[in-house]
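Below are two complexes that have subunit A in common, paired first with subunit B and then with subunit C.
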Partner chain A sequence: MTQDKQIKDFAKQLLKMSQDGSDVSAERVDGVLKALDKNPPRHHIALLKAYLKLVQREVAKSTAVVSHAGALSSDATEAIAAELSAKYGRAISTVTREDSSLIAGLRVVVDCDVYDSSVSSALTSLQASLS
Partner chain B sequence: MSSVIEQIEQQIANLQTKAVASNTGKIVTVGDGVAKIDGLSEAMYNEMIEFPGGTIGIALNLEEDEVGAVILGEANHLKEGDEAKCTGKLLSVPVGKELLGRVVNALGQPEDGKGAIDCKETFPVEKIAPGIIERKSVDQPLMTGIQAIDSMIPIGRGQRELIIGDRGTGKTTIAIDTIINQANINKVGLASGDPDFRPVYSIYVAVGQKNSNVARTLGVLEEKGALEYTIVVSAPAADSAANQYLAPYTGAAMGEWFMANGMDALIVYDDLSKHAAAYRQMSLVLKRPSGREAYPGDVFYLHSRLLERSARVNEDNGNGSLTALPIIETLAGDLSAYIPTNVISITDGQIFLETDLFNQGIRPAVSVGLSVSRVGSAAQLKATKQVAGKIKLELAQFRELAAFAQFGSDLDAKTKAQLDRGSRIVELFKQPAFNPIPIEQQVGVLWAMQNNYFDDIDVSKVVGAADSMRDFFVSRKEALLTSIREKAKIDDEIAEQLKTAVDEWKNSFS
Partner chain C sequence: MAIHPVIFAAAAGDEGNLLGQFGVEWPFLISQIISFCVVAFVLYRFAFKPVLSTIDERQTKIADGLKYAEDMKAKLEDAESQHKEIVQKASQEAQQIVNDARAVAEDKISQASQDAVSRAAEIISKAEQQIELDRKNMLDEARSEIARLVVATTSKVLSKELSEEDRNRFTESASSNLVDSSN
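On to the complex of A and B.
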């Protein structure tokens, strides 16, 4: 338990070193990885896994994963990014993914928040309300 | 049919036009009825979490990276990576009179196969107890129908009176007797058409009990006609620890509805030892630090916040009340164990049941020396006070002297008299299970005891004599019983009538 906590704390320090302001900087991450490679700490793999998790979480905060069924114009993607950036008060970039299971519509995921206007979720919710 | 179609169309229209925002997370681990979830950044303490398949959980551990949630109901279909959603709602259960006569689970869903329950309102399961300003002193009696309790350890509406004892000493029986007595009083009171009559509705919460025991209790309530005034919340031993943890709070929410609407309710928690054990199980699985007897540090708060919700509120807040009868099972009569001491300190008194008394055939096996009611005497009927004032003292003296009873011939006359009287009082208080006695009959019999009418009756015949006297009152002196019930005190007129009636009975009995 103590060991886990030490690894987590160390990973948090590494994350701080990897950030430029509130954003994760690729250059700094590279520097951190090189330094770790050069002087491998105890529990190297566990530390890297904890570090990866924290970085993923930080990146997810400024990335909107837009899943869509059918075509999605670049204007729509830009509009989504602009809207979300204004909402969260930080720059949000978008990553698009085609997902036919949505049937139609969009599903946007930013960190823990999900904005779902897909037909599949509407049908699921309709099914739940009728059962 | 067209309205159903419109409803569906409306639902589709609503869903088509807006994006649904939700805060989500992913299950990292799931096991032993507990899920650890990564994400859920906006989860609140005690918030309902929605899992796939409509399964519901409660967020109990809000950690830096994860949320620990206990799953209510079936969890076998959940797996790592499944999405969990915040609902933004605290766990609520249906409340209202529609629940009377029904058996529900910890979520308020029917368990008795009598169909859906059409409740109009819901109350949150966790609620802050009424504050000082909203409360009022306990000043109305709650009759249990058990002579030993109503005369020596009186309970008032809004009081928390613990029933404590070893296994098989009749704890549940006392609680069930009290529920049956409320139903009997309700029937008489409602039939009388008295506008000031305040019925007491009961809630029986069964935690961690065998289903057969719950079925037996239900059978008794139904047979005695008490089920129509009772809600049964059942979280049996086969239920998950989460449901057993939740059930008392569910019952409290249902009771609070009666209190909030200016009515009186009685809630029985049967029992809080098993409730604490269920909470310990949950806490250990959630990896909370454990303390004495492996219970988590907040096990006191677990019960104090539950029992504080029982209260008598003042006129400005509806003048309702919620009386609690929590039950605790001890091991080998050890009152100093962790959970018993906790609950003793929270409640306003306790009824202690002794195995030895039970085995001697003294039932209910109430230990007079260790039982106490801290606030009930303020609510005791004047009539009962008049006839039972000295009985507790006489009985306590008898218990002290009983050790010398074996030297019978060497005792002085005064001690012998005390022993004789004590043994008669003990006999008088013997009462069969599920047979509560109306207060006016209790008053009549105790008046006769106080006025030495039992002194020349053989000790072994006291129970029969008391039964015969009650039958006599019911069949021949109905008007006298009614006036005791209505006046609630013994004035000169009633005393005279009692004297005449008891003299008449004595002649016929001997």
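On to the complex of A and C.
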């Protein structure tokens, strides 16, 4: 077993300890980090990097980044979050960002999935179809 | 007319007296005959015979020379005829070679001409294909550029001309569509 493999397995174990059910808990992550700080293992930095990557991936799975041009009501945001939570079977929180390059409409990114209903994406599709 | 005494003596048959009257003395005559024979033999043996032998030898040489000349003449004629025959044969062979070379050259020229024609046709075909490909590429590039310009212009126009109210309405509509499409 190589050293990278050992670090990844250790990071996965830390991630499991950081989860409360299927969600990553901030308190548990804080506890894990404190424990690591008190008893730093070998390859401390590499382990923290691997742990950070796994946590980011898990957070991204439960976070929907909603980019929009124009005002987006909180009701619409909540409806999107509820819809996505129902679709993925886990609690999805939303993060909204104003993005004027979309011209109008919105784009939702959940982990690797993208839902784009913006004018800029429509124009991009139009350009692809004309080319 | 007076008769000569000698004739008169012969007519008279007095042979002994007649020879004596001519001054012929038998012993002397015999000795002269013997001397003559000896001289004749000596001359024949030591003068005439070598001369005749030399003459015969020279005649033989002349005859051999003439014969040699005749032979040489015949050989020369044979050589000339052979020479003429060889020259004629060589001329025929040379003519044949020239004809063959001309035929080969004509074949080569014909083949080269055909190759040039086929090569030219191939080059023309490739050039036409390249022209067609370039035309398609140019059209594709023009289409892409036009599409890019249309989209860029539309984006700018929409960004400037779209009111805030329209933008909000579109965003809300997109949100509703997203929720509805998931259902």
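Things to note:
Definition applied: the second predicted complex is superposed on the first by the 130 of 131 C-alpha atoms of A that agree within 3 Å, B and C clash if a C-alpha of one lies under 4 Å from a C-alpha of the other, contacts with A are read in each partner's own complex, and residues count from 1 in each chain.
Everything that follows uses one rule, which is that a residue touches a chain if its C-beta (ideal position, glycine included) is under 8 Å from a C-beta of that chain, and two chains touch if they have at least 3 such contacts.
All figures in this text were calculated on a predicted structure; none of them were measured in a lab.
Judged by the touch definition given at the top, the superposed model places A:76 against subunit C, while subunit B stays out of reach. Within the superposed three-chain model, A:126 lies in touch with subunit B and with subunit C [touch as defined at top].
Contacts of A:103 after superposition: subunit C is touched, whereas subunit B is not reached. Looking at the superposed arrangement, the partner reaching more residues of subunit A, out of subunit B and subunit C, is C. Of the two partner chains placed around the shared chain by superposition, subunit B is the only one that A:113 touches, whereas subunit C remains out of contact.
Of the two partner chains, subunit C is the only one touched by A:68; subunit B is not. Shared-chain residue A:56: touches no atom of subunit B or subunit C. In the superposition on chain A, A:93 contacts neither subunit B nor subunit C. Subunit A residues in contact with subunit B (one complex) as well as with subunit C (other complex) are 106, 108, 115, 117, 126, 130-131.
Subunit B contributes residues 8, 11-12, 15-16, 18-25, 39-42, 54, 85 to its touches with subunit A in the complex. Here subunit A touches subunit C in the complex through residues 68-73, 76, 79-80, 83-84, 86-87, 100, 103-106, 108, 115, 117-120, 123-124, 126-127, 130-131, going by the rule given at the top. Partner subunit B is touched in their complex by these residues of subunit A: 106, 108-109, 111-117, 121-122, 125-126, 128-131.
Taken in their complex, subunit C has these residues touching subunit A: 140, 143-144, 146-148, 150-151, 154-155, 158-159, 162, 164, 166-168, 170-172, 174-179, 182-183.
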